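Labels run A, B, C and D following the written order; every chain starts at residue 1.
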Amino acid sequence: MTRIVLVGGAGRMGQALAEGLSRRENLEVVGLVDVHEPAQRFSAPYYRSLAEVDVAVDAVVDFSRPDSVVTSAAWCAEHGAGLVVGTTGLGEVERDALQRAGERVGVILAANFSIGAVLSERFAALAAPYFERVEIIELHHDRKVDAPSGTSLVTARAVVEARRRAGRESGPEPTERHTLEGARGADAGGGVRVHSVRLPGLVAHQEILFGGPGEGLTIRHDSFDRQSFVQGVALALAHVNERAGFVEGIDHLLG
Amino acid sequence: MTRIVLVGGAGRMGQALAEGLSRRENLEVVGLVDVHEPAQRFSAPYYRSLAEVDVAVDAVVDFSRPDSVVTSAAWCAEHGAGLVVGTTGLGEVERDALQRAGERVGVILAANFSIGAVLSERFAALAAPYFERVEIIELHHDRKVDAPSGTSLVTARAVVEARRRAGRESGPEPTERHTLEGARGADAGGGVRVHSVRLPGLVAHQEILFGGPGEGLTIRHDSFDRQSFVQGVALALAHVNERAGFVEGIDHLLG
Amino acid sequence: MTRIVLVGGAGRMGQALAEGLSRRENLEVVGLVDVHEPAQRFSAPYYRSLAEVDVAVDAVVDFSRPDSVVTSAAWCAEHGAGLVVGTTGLGEVERDALQRAGERVGVILAANFSIGAVLSERFAALAAPYFERVEIIELHHDRKVDAPSGTSLVTARAVVEARRRAGRESGPEPTERHTLEGARGADAGGGVRVHSVRLPGLVAHQEILFGGPGEGLTIRHDSFDRQSFVQGVALALAHVNERAGFVEGIDHLLG
Amino acid sequence: MTRIVLVGGAGRMGQALAEGLSRRENLEVVGLVDVHEPAQRFSAPYYRSLAEVDVAVDAVVDFSRPDSVVTSAAWCAEHGAGLVVGTTGLGEVERDALQRAGERVGVILAANFSIGAVLSERFAALAAPYFERVEIIELHHDRKVDAPSGTSLVTARAVVEARRRAGRESGPEPTERHTLEGARGADAGGGVRVHSVRLPGLVAHQEILFGGPGEGLTIRHDSFDRQSFVQGVALALAHVNERAGFVEGIDHLLG
């Protein structure tokens, strides 16, 4: 049984993780840490800070704010607890703190804990050398203010990089006559086009389309709700205490 | 039994129509007219021009070149034969000729004889007033040199017009921050976005995506080969001799 | 401004409607009626029964239980308030009550208030006569215990009926050799096949696939959450007080 | 430059390969072998049998009939030419012949040379351990007489096997109440369901749908025409002369 504390446990992500992780065998949520009291506790005690935690802890999960990550790193190193971080917007200070903690305990940082998203990106990179042309369509709800999505940019970079390594280049852009300006989307490099659709009702979806002579291959990922992150965090927790060291991403944990 | 002559019968479209129409009950192909001999005759005699045709004809199907359409119109008016035209790029001269022929015989001109495409456009116009936002994705093979496709522009116009009539407007464009320029595609007016994907292997595909609170409606049309036009031409032939008059489109023939 | 009372306002559907309807212009939620107190009130007062309601009411929305519908019908007839009913499982007694109320006020009963679902079914019936073959794939989360879904059965019946009226029949079932029993799904009559997919993560989705020579037409509806019902209920409310009478479905309210 | 002879060069597949392979750099088609003369030669000479071939040959591609494969194997072993086989329906005799030839030259046998299909199967096996439930939908034209497709069975087996190795089992079948018999498709073992759609217009398509908490991952492969096999055959030709040995599948050739 791995005993875990959730830092940022009162936030939307923290609450979703508390609910999802507390349902899994082999995991026990022994504390929710946050500056505010959480709306729901899922039978775990609430602490205002990690310093207050007075029970045995095997690992800390941090989905909070950058400054909090530094505290979590120090606490984990001191208490011999693994650290899984999903907090975004980290700068050099925070990364240094994670690196130092990694000298004593296992530390896993990831931008995306959805296993479907991680596999999508891996498959896209594997397929990239074998098709003449690749385009990405990402579709999100209309409250998203940035386009294209961060995930689609990461995917596009992985595809472009895999094609470069394989010595594969897209041919010239096919469109010569634009009957309406802008329909071909954004160029992410190497001829890889990214299209962003924004519609109410949607959640978060991405299609990577590959085309070659007489055939097409499409990898589609749909995120319907935050529960999609629980599985990846649980996977990270299953491995974080195997050895000390700071690693990024959970791709290497997928066999 | 409707006896038909195909003008442009040696072209790629003409040959596909000759093959498809000659298989249908109630239709008999009694002549292929073209300046060149057709590769395949499908047991119909070949004529260099309509003037040479010496058998009884109920209707003429013209998929050729604009100048030829003027000749077909005159011939049909003189011989009391209905006229179905799929030739593109017609100017005022040709339309006048069709109009005049329409005073004596039935004349149907259409840009797209695919029933799936016609129904897609109709459904899109019907759905348009009921959703907050609409986007169109058209996907074609990478030999297509124009973007967006003509069909997607026609569809977008139908959607924009239906929304205007219903007093429906899209809210403001959601994207405020462009992490890569151009990902939001082309604006076809009224907030309707059009995205063009170009990949080898694809044929001709279009998705119209509607989004509202908690739901999405998608209308997708796939054209896999030219046979998709045969059904619409056969439908036009079934109605062209019902009355004199020049009409555009086959939408009104679908109940 | 239409003043409405929600019967069943403490249930999951009632709470979603209270939230969604209270946000719309021209609608004011003036009461939540239920046997239990609702978790959230959205600034509307709570009543244990319609009999307790002491404010002016233009229309009642009932998403509760069959027996409650009889009370709502009597109350609306007496108070001159329109009635919109989404409660399922109604028997003859309840329908009689709605019929009688319809002699004095407007009454609209519908099994599905999602506008996307209603349009899907309409489009499916319109397209059905023009394609050789139709199949339906419905996809739901894996907590759904019945298959195929009620909506897919209604859609299949509409398609079969439209084809019968048009004198259109599917050809013989193409599969002659079954390498694994059961892969062709359920036969809903007239050769229309229904396939049910059950996967965790999914919500409620349906695809109606039409195929003809060289082309395909697909109508896809995605329900992502209960908010998809709000728009249809609001549409019914906009029309329910136009005239007395009991009508089923909201299809006729879509222009 | 690899000089190749196509055995079965007059068949539909052989003609498609002759056209596709003769267009590629580094490949030269130096002979078409078949019992009938091919409709098109693509500037290669025609031979009634391999015994007649009198030019230097680096590799033989055999898409013909099982008995012919035995002859090709013997000829290749004798002439030091690699052998790429796509002929289906091989029995023990033919496989023994390929095995023996493999002692002297490179021999690659594959059921499917479409790179998209091969990658689909690989990705499906990689993803299989990470999702609670998997279903496969395969969609084909309505002239296909068997269901489910051979490819979907191979994919299902790969998925079931990958789940077994990972100790992953699907939970119990969710459907308890069948409102129409058969909608849940065929059970390919381990809870993996296979659904077969048959519609005119379609070519050959397959979707592998994975579902987990809050997310879905879909791998879709579309075969639009026979050209999809050319790329895989070219890949096999690029590797077949690297070493002696009989191998099945082209998966290992994809990095």
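Some points to look at:
One rule holds for everything that comes next: a contact is a pair of C-beta atoms (placed from the backbone, for glycine too) under 8 Å apart; a residue touches a chain by one contact, two chains touch by 3 or more.
Predicted model, so just to flag it, every value in this text is computed and none were measured.
Taking the mean Cα position of each chain as its centre, C sits at the greatest distance from subunit D. Comparing chain pairs B-C and B-D, the larger number of C-beta contacts belongs to B-C.
Subunit A and subunit B have Cα centroids lying 46 Å from one another. Remark: subunit B and subunit D have CA centroids separated by 37 Å (rounded to whole angstrom). Within subunit C, contacts with two or more other chains are made by residues 201-202, 210, 212-216, 222, 224, 228. Chain contacts here are complete: no pair of chains fails to touch.
Against subunit C, in their complex, subunit B makes its touches with residues 20, 114-117, 119-120, 122-123, 126-127, 129-131, 166, 210, 212-231, 254-255. Put simply, subunit C touches subunit D in their complex at residues 132-133, 135, 137, 139, 142-148, 150, 153, 171, 174-188, 193-202, 209-216. Those residues of subunit C whose C-beta lies close enough to touch subunit A in the complex are 201-203, 222, 224, 228.
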